[in-house]
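Two complexes, one shared chain (subunit A), two partners (subunit B, subunit C).
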Partner chain A sequence: MASKAQRMPRSLRTATNLFVLTWLILAAFPFLWTLWGSFKIEADFFSIANWTDALTGDKTQAIHGSRFTDAGYQGAWVQEEFWRAAINTLIVCFFVVCTSLTIGTLGGYALSRSSYRYTFWLLITALIFRAMPPITLVSGYLLPFFEWNLWGILPTTIIVLVAINQPFTLWMLHSFFQNIPKELDESAKVDGCTQFQAFRRVIIPVMWPGVITTGLFSFLLAYNDFAVTTMLLAKENQTMVPKIASFLGTTQTEGNVMFAVAAVVSATVPLFILVMFFQRQIVSGLTAGAVKG
Partner chain B sequence: MAEIQLRNLSKRWGSFVGVDNFDLIIADREFLVLLGPSGCGKTTTMRMIAGLEDATEGDILIGGSRVNDMEPKDRDVSMVFQSYALYPNMNVYENIRFPLKVRGIDPKTHDEKVRRASAMVELDDFLHRKPAELSGGQRQRVALARAIVREPNVFLMDEPLSNLDAKLRVSTRAQIKNLSHELAVTTIYVTHDQIEAMTLADRVVVMKQGLVQQVGTPTEIYDRPANAFVASFIGNPAMNLVDGQMSGGKFEAEYTAIEGLQAPDGAVTLGFRAEDASVVESGGQINGPIYTMELLGEATMVSVRVGGALVSVKADKNYRAEIGETVSIHVPTDHCHLFDAKTGERVGG
Partner chain C sequence: MKHRTFFWFFLPTALAMLLFIAMPIVSVVTQSLFTPHEAVLITSENCGPFGCKTETTIDQEATEALRAEKPLGRFAGLSIYLDRGHLAIAEVSDAWTNRESFGGFVSALGNLPFYRAIGFTLTYTFTVTPLLIILGLMIALAVNSLHRHLKGLMIFFSLLPMIVNPLVGSLILFWMIDARGIIGSALQWMAGDPDLSLKASTPMMWIAIIVYGVWHSAPFAFVVFYAGLQTLPKDQLESAQIDGATRWQQVLYVVVPHLMPLVTFVALIQLMDNFRVFEPIVGFNAAAHATSLSWIIFNDLGGETRQLSAASATSVLTILGVAILLSPVLVRTWRDFKGKT
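Here is the complex of A and B:
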């Protein structure tokens, strides 16, 4: 129980609660608005005459006989084959996360345990590459990719995304590994492990929250990337984000904007679920990296 | 059988010398303590034996075979770390079992071995706890159990008691002594605490700045320190050290004149222990004003300032005097140590 002195005055408590509530509404409103609107037709959601049409859905009622319609989802997923983009995103994310984490854990571990001074310069170089906008890399890649006939396919994009993501993974995992005392490796080695066994059986289990956190960040980068995927993927190989952009880019066609809205909602929901699911690991991972040491 | 031989062992990082020309044979089943202040190279020596640090020069032989180029896992040593280094994701049982598991020892024997090891350190009731749920003393015992579970040739202990509180340290010290006796395994124990060294060791190696100062049994080191450093490092209170001049068998310093000593003429440092000297009515070899008096309970410590150094003597517990009063101290010549004033080496006594 909080003592009387520690308890906040009623007015202050109301004020803070109100502030949090306002902030929550402000932050959540765009998402909720999009979710709501995704079940309307364009004439309602993008109504020029009256914005309340988006709330009432009169025109949706007139055309589809209900105030809500799944026409946007139908159009995006079935007619425009958004599911292909979803599968492509899944493939890209899976391979980007796996590759980044494999190289990142091995490299981060090696750098954190190395006593040579060049490790510092390696990390600084990595940081410089991370600081560059991804598009600068992509413009350089385009010509060779065309020449070698590598443009437009998923593996190329995966490799480029890994290259962009790797410095960050390396940094993050390196700092996680540095917080794990060296005695743990040494103890494992005396107990009978090779260096790699010590890494796999002792260090990685301790590192798990850090690996999950880093993996999630890599996933989000691959999932949300626009610059690389839009430049490097042919139309039939597009992932979700460039696909949504292409829906928006062709507003002449009736209903295409609503496809985009429906697709946006479809792309956002998995992220919510993912973050909810991993939130405990993320929090423990982030604090472990930041505070301990 | 695990006799350990260190032959001219050296460790250097650039121009910094960690361990310099360490030469020693550690007998099978011996309990050897490496003792010295921090940075003296004692832990480095142990880490070289474990294989966690490469030797710059020299050879390490365990059981007659050279192990310099062997991985730690192939040396058949086990080690207790200062920080215990328990695996935080495993419970106590799995921690103790880990060495058996990675070494591919028959899984059927694991349970019995783990239980025997945990019983030896009285951990039976905590086998299912995670290290985070244990007290410092319990963690320390898990580390011990993990070290003894696979019955290695050599035990290495790196300041295993330094993270425990004073009371627990005494009881764990006794437990380690008993354990080493029971297991009869060659043990190397690193500490900066001279009491631990005296109580545990068969032999003590005193080190300073990478150099071995003296090797001997605790009694030898206590009774016949090889140089002024060992003399000042071993014993509590530290040995009294007085700078003075030797001429014709007579030592002279401020308030001090001791005859009948055997050492060459010149500048020397006289050393004697507080408990060997005594306060007398008159006719002692040191006659000076009392600098301070400390009541210890079982004795009274009387101190005199002689030539800048504090000389303490244990007097009877009922002895009382005023500060500044002249006191006469008798120093038996057979308990005097004489060291060269420059090099600190023993020259007589």
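Here is the complex of A and C:
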């Protein structure tokens, strides 16, 4: 706020800054703490004797001869084969994003260019589908998938995630396409393009910002899904999040908790990088629906 | 756009949604009306030297064959909805007739899994949603007054709790509030009670999950409100100031009304999302203290015996709950649409 009258009095200024700082700590500290702790052994990270052990890593030094150890990561990635889960996640995310963007842009474009009444009902249906908790659909998938031997493999999960993703993708791309002026494809059609040619030659070149934002959210959905992937994937095909959950079942033996900690950190780092590069797109995506409605 | 062109453009996405959202809903509803086959029993009479006995054994082969032939099971009507695991009509009416006080009735309800779950789900939904809106608004106001360079940094760190998977996020907090973790130790030190453990007490666990929920969703509210603040009309603020409004009054009478549509938006989205609370219960390992509808479905589906029928019935009930929460959104969208045409 530029104007002098709007400048805050010092006490309020301090209070605001303190509040922001508190929130910053609340938001960031848990991640930093877990990152730091993931390089310790369990007796340090979960210290009974003294909480400063987690900072200094005394017990880690006693056992591993250094204040930091990659034992947790070794255990998770090599011994428990977390790399397999990481590769599966990569495959799932890649195909979910590609497929849902391809069919989503076609659908969203059609919705934004048609002025008939049924587009409204299609959008409403999509909204209802968006509100459906995915886990309620899972009990509907299991029986047919078992019957047809589709259960447990990655392609099934990818298609299911694409479908669950569609309502959201449609809404988002619909609103992005509405911001692209209709005159653009109309003039292309006057020049002799069919609707599809107009879409391919005129719309695709200008739609990238919206598509990238939508793609980010598709990626996040696929990356973060827990309910569907846990229920639909066989043990050897698990993605990262269900894999982390499966570490928890066997935490009683010492060290296994640290595998889970290391795995959690490994799964968070890509998101951290993602936010770093695409912060602007994520924010614009979050607000796209809100500011309009 | 012509109907034909529209059809071909929309076909792939329509197919995906039809096959994997609409059909499963039908399948869930159907499944919830059927119950697994009972084992086929053979009664045979064995006559030995000490007289005759009738023996009942399970005919494994026939059972398998029956299950393979009709995987849905046998028709059960609404009985699954009414059994002890779901609406528990018999138990509820029993508790109502035998109640000594209203509180006694409520605690009797609390012993039935479905009502226990719905109790937590609703408590969670209706405490987390207002709290996160208030916190989000406060953060947005505070960050908006910061220096330009700090704003981006704040948004970056604020996005983190929201963007990580709820399971991962709740695990990170759970390890910290563990009795041997940093927050757990701090609480013990503050309370002066070395045996204090959040995991042991139901109210503490509820509070922990609710705190997690606010932590997870406040960034969403923050980002939306922050975007709204950028479009705040400066002249209105100035005129309010000239009229002698204090800072607090400016926020209350200018800023909040300006953000009101966004508050409704966030509230509606978050009500729906919080209603499906589930991952934190797994992450916090809190099933002994708090369960939610989604958790019941997950629990029925997992494990060795996949109780498809029971899970389906809960799913249908959950969908009904979502439908009730969704109805204001639908009415609003309908009104917008009416207004536009």
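One rule holds in what follows: the second predicted complex is superposed on the first by the 259 of 293 C-alpha atoms of A that agree within 3 Å, B and C clash if a C-alpha of one lies under 4 Å from a C-alpha of the other, contacts with A are read in each partner's own complex, and residues count from 1 in each chain.
Criterion: a residue touches a chain if its C-beta (ideal position, glycine included) is under 8 Å from a C-beta of that chain, and two chains touch if they have at least 3 such contacts.
What you are looking at is a predicted structure, and each value in this text was computed from that prediction instead of being measured.
Novice: Clash or fit: how do subunit B and subunit C relate after the overlay on subunit A?
Specialist: With subunit A aligned, subunit B clears subunit C, so fit.
Novice: One more residue to check, A:A27. First (subunit B), second (subunit C), both or neither?
Specialist: second
Novice: Would you sort A:A110 into first (subunit B), second (subunit C), both or neither based on which partner it touches?
Specialist: A:A110 contacts subunit C only, not subunit B.
Novice: Roughly what angle, nearest 10 degrees, sits at the C-alpha centre of subunit A between those of subunit B and subunit C?
Specialist: Result: 100 degrees at the vertex subunit A.
Novice: In the overlay, work out which of subunit B or subunit C sits against more residues of subunit A.
Specialist: After superposition, C is the partner touching more of subunit A.
Novice: Is A:P181 contacted by the first partner subunit B, the second partner subunit C, both or neither?
Specialist: In the superposition, A:P181 touches subunit B alone.
Novice: Considering only touches as defined above, state whether A:P155 meets subunit B (first), subunit C (second), both or neither.
Specialist: neither
Novice: In the overlaid three-chain picture, which partner chain does A:L271 touch, first (subunit B) or second (subunit C), both, or neither?
Specialist: After superposing on A, A:L271 lies in contact with subunit C but is clear of subunit B.
Novice: Once chain A of both complexes is superposed, is A:T136 in touch with subunit B (first), subunit C (second), both, or neither?
Specialist: A:T136 contacts subunit C only, not subunit B.
Novice: Once the two complexes are aligned on their shared chain, state how close subunit B comes to subunit C by Cα atoms, in whole Å.
Specialist: 10
Novice: Looking at the complex, which residues from subunit A come into contact with subunit B?
Specialist: Residues 181, 183-184, 186-194, 197, 201-202, 205-206, 208.
Novice: Subunit C touches which residues of subunit A in the complex?
Specialist: Interface residues on the subunit A side: 1, 3, 5-6, 8, 12, 16, 19-20, 23-24, 26-28, 30-31, 33-34, 37, 45-48, 51, 54, 102-104, 106-107, 109-111, 113-116, 120, 122, 124-129, 131-133, 135-144, 146-147, 159-160, 162-164, 166-167, 170, 195-196, 199, 220, 223-224, 226-227, 230-231, 241, 244-245, 248, 257, 260-261, 264, 267-268, 271-272, 274-276, 279, 282-283, 286-287, 289-291, 293.
Novice: Which residues of subunit B touch subunit A in the complex?
Specialist: Result: residues 50-52, 71-73, 77-79, 81-83, 85, 87-89, 98-99, 102-103, 146, 156 of subunit B touch subunit A.
Novice: Once bound in the complex, which stretches of subunit C touch subunit A?
Specialist: Per the stated touch rule, the residues are 1-3, 5-6, 9-10, 12-14, 16-17, 19-28, 31, 71-72, 138-139, 142-143, 145-146, 152, 154-161, 163-168, 171-173, 175-176, 178, 180-182, 185-186, 215, 219-220, 223-224, 227-228, 231, 237-238, 241, 247, 261-262, 265-266, 272, 275-276, 278-279, 282, 285, 294, 297-298, 300-302, 306, 308, 311-312, 315-316, 318-319, 322-323, 325-326, 329-330, 333-334, 336-337.
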